[in-house]
Amino acid sequence: MTYFITQFINGLQIGAIYALIALGYTMVYGIIKLINFAHGDLMMVGAYIAFFALSNWGLPIYLAAAVSMVGTAILGVVIDRIAYKPLRDASRLSALITAIAVSLLLQNACMLLFSSSPRRFPTVTANLPTISIGNSTVNVIVFISIALAIALMIILNLFVNKTRIGKAMLAVSEDMRAAQLMGINVDFIVSLTFAIGSALAAFAAVLYLFSYPQIEPYMGAMPGIKAFIAAVLGGIGIIPGAMVGGFLLGIIESMAKAYIPSAFSQVTDAVVFLVLILVLLIKPSGLMGKPEKVKV
Amino acid sequence: MPKKKIRSYLINIAAALLVFSVVYLALQLGWINSYYRSILILICINSIMTISLNLATGLLGELCLGHAGFMAVGAYTAALISLNSGLSPYLSLTLGILTGAVTAGITAFIVGIPALRLRGDYLAIITLAFGQIITILIRSLGFTGGALGLNGIPLLTDFPLTFWMLIVTMYIVYALIRSRQGRAILAIREDDIAAEASGINVTHYKMLAFVISAMLAGVAGALYAHYQGVLTPEKFDYNYSIDFMVMVVFGGMGSITGSILAAVVLTILPQLLYGFSDYRMLLYSILLIALMIFKPSGLLGQKELSQRVFQRLGRQLWGKKAQTVPAETDIPTTVVDEDTYLTEQGSGDSGVGGSSTRGQENLPVSGTPIAEAEGKHQERLGLDTQGDEPLARKQKGRR
Amino acid sequence: MHLLEVNEMSIQFGGLKAVDDITFSVDKGEILGLIGPNGAGKTTIFNLLTSVYTPTSGDILLNGKSIVGNTTWQTVDSGMARTFQNIRLFKNLSALDNVRIGFHGLEHYSLAATLLRLPSYWRDEKALTQKALAILDIFGLKDIAGVQAQNLPYGQQRKLEICRALASNPQLLLLDEPAAGMNPTETQELMSMIRFVKEHFDLAIILIEHDMSLVMNICERLIVLDYGRIIARGLPEEIKQNQAVITAYLGNPLEEEA
């Protein structure tokens, strides 16, 4: 039982990370209907920025996280302006290929700049106490991570639903043309969406590094895909869906890792993809999504 | 078969034979050393991969990010048959190519089930996942040799085999596209709602194109296995899939001859540029972004280098000989001719696509005189760029 | 038996009842006009008839058989074809190919015939190309058969959509604002073409149109829709006088538009 509980808590932690990344996917998709394949790599860039802020500039962790969030947000906006904006009216396929290309660009640029050998993220959690559950212990950072992620999501929700700008975002994602006619500055809203999504990815990167303190240019790929699956699971384009999907996927994955015999350990990644396939087969609009009706 | 068709088919076969004989002779006479021979073979294999991916992406309009995965399925299938069947080498190779195509096709069918029923970009994600899983799977399964891979696969792939397999691939895709099935596939790319409203079973034809595409990738894989002699799972990773995507986009989405041109250029280029490999993916990514923004149609757009192009070029260059070119190839718009309306999706004309002279340099036809003539006679040649951004307009109505 | 029978059909989008409890029928050889202000639910009815949407309740019978739950392509196969209000042509393909794609359900040579270029391929391709050109000819589009659809002027694009729909050999043709964006001469021309194809192909037609002169002229019966409901039905003369219709058009008397 305690094993189950610790695994559950681990699942919540990784799930919180997926949820934060999934929010970026879902918000961008909601507004410009683009799967931003580079989103996972933005998280990777966030990890590098946090790393340099922490170990080269000697900033404390919370400042390093803030710097990383700001830096990644700027990068996200720049990417959108340079690569995606010219293709707003282009075909889905062109935009999608561009997103793939941006993902490659980030990975390979980082590889040339920082080499492919992994760097170790300094331990910031050494002095933190652990909490024991039965006969196993969980570092308090796990709980802090979960709490921080949830707090951030609550703030995001309040922002989107209560503020004028947040409502404008919802309006744009509902109908961009109509929103534009209502006098909403759509370009600004899109940039803001990229900024928020990227900042959340950077924050997720910092949380990720607490548990997996390795930084390398391809580190964003897997969490990126999984977070995307989380977004689809919750219902792509729906903000609360991304949160629910993220936590759910984290728990599923954690349980799979815990209860699938270690001989098949490599296959645990496949479980996540199985979830994707099942969602697409059973309810492609996701847990919280309504079936999409194209307007003809 | 109409007479005109017979002639056009014969010309195509003759052209293929000519290219083949020249290269084959050069190989036999030792003018091409073994290093370049292996590059030639690689070009053919990459061309098959690119054409097959073009079927899924350029012609059907679905993004496939795991094409190397289907190649891997074909490669491992064929290699295992060669290693274990105990049949004579060429028999097992033939069997391997066929079985490789079938297993890759079945795999694609399974991969396609969840995604192809749906509207949207799910195939991209599913194939991306598939590309990851297949390498994981190959690594963890016993009979595939695990992470060490397979060794000692007989080196049976030679230039004639790959060349003719490439010709067969070209034929299959051409033949498919100029038919009711092919038109259904193009219709889906253009507008799936209108396609369905024209009586087309969209899921069925998406699946058809996707499975054929994967089968051809399986063939390329089988050839590759017997060319390389060793297979490791890492070879077929995401970056390898991206290589082919770059070739498709660079050559022109929807253009089969464009795919070959791109495969030639992008297979040779890395070999020529020393130290290129470190920067290759970086350059590719920048190339892709630039192409998508400035020339989403790639080198040839949706157009093809066809007999008519060469005839026209010939006429421009050697004015008088024009008389030997039959008048009916001059495409008056009312003459009904499958070539006129079907493959030249670009403009109803088969001009060598594109306004960019940059692109023209890569065409095999661009000797200096042609390059000059190209500039002068652009108008008379009827080169137009109207069909140049086929993708740019496609989905406007979607939102 | 009616060709088409619609019984108490409704569809709801979230809180909006876009089509509310609609019943009507269409007989062979008839042109039925479907009019109403913007957002009345006309296009939605077409989407329901062609199985793009599934009705929340109610039934649709074509030749006495329910087509609810069919896919769109099955509905097309069973004899219904449509055009789209916001033109949906295969833009990068030639006009001829647009029409040949419309023939899809009628040509049946196999994949093997395609790949091996069997005689059935050549025979069917030739026949259907001829038929496609014949249809294009009716609408005066034969000369532009080789032109990419997106390069055609607007009026010709609308006509090409009708050609494509006709290619599937429908019994019932649904035309969604075919005259939109055309000038009066073109509209006049189109009207006679519609009459001609109705006779020539022995069709029933449902016509959505805002151009009242066209509607009043060509339709034998009219149905007026507002907020998803039928507010009037009858002969064009009757509809012209109908008070409910006049109010629905917001004090925009029909005479003025006509």
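Think of it as A, B and C in the order they're written, each chain with its own count starting at 1.
We take it that a residue touches a chain if its C-beta (ideal position, glycine included) is under 8 Å from a C-beta of that chain, and two chains touch if they have at least 3 such contacts.
Note that the structure is a prediction, hence the values are computed from the model and not measured.
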Quick one: label the inter-chain contact graph as line, ring, star, complete or other. complete
Measuring centre to centre with C-alpha atoms, which chain is farthest from chain C? A
Between A-C and B-C, name the chain pair that shares the greater number of C-beta pairs in contact. B-C
Chain closest to the middle [Cα centroid of all protein chains]: B
Find the geometric centre of each of chain A and chain B from their Cα atoms only, then give the gap between the two centres in Å, rounded to an integer. 35
So, what's the distance in Å between the C-alpha centres of chain C and chain A? 46
Compute the distance, rounded to whole Å, between the mean C-alpha positions of chain B and chain C. 39
Multi-partner residues of chain B (at least 2 other chains): 193, 393-394
Among all residues of chain C, which ones touch two or more of the remaining chains? 52, 84
For chain A, what residues touch not just one other chain but two or more? 294, 296
Provide the residue numbers of chain C that touch chain B in the complex, in ascending order. 50, 52, 71-73, 76-77, 81-82, 84, 86, 88-94, 96-97, 100-105, 107, 109, 111, 114-115, 117, 119, 121-122, 124-126, 129-130, 133, 142-148, 150-151, 164, 167-168
Would you pull the chain A residues touching chain C in the complex into a rising list? 293-294, 296
Looking at the complex, which residues from chain B come into contact with chain A? 57, 61, 63, 65, 113-115, 118-119, 121-122, 124-126, 128-129, 132-133, 136-137, 139-140, 193, 238, 242, 245, 249, 253, 278-279, 281-282, 284-286, 288-289, 292-293, 296, 391-396, 398-399
So in the complex, which bits of chain B are touching chain C? 1-2, 5, 172, 175-176, 179-184, 186-187, 190-191, 193-202, 208, 302, 331, 333-334, 336, 338, 340-342, 345-348, 386-387, 390, 393-394, 397
Chain B partner contacts - residues on chain A that touch it in the complex: 33, 35, 83, 86-87, 89-98, 100-105, 107-109, 112, 176-177, 221, 225, 228-229, 232, 264, 266-267, 269-270, 273, 276-277, 280-281, 284, 292, 294, 296
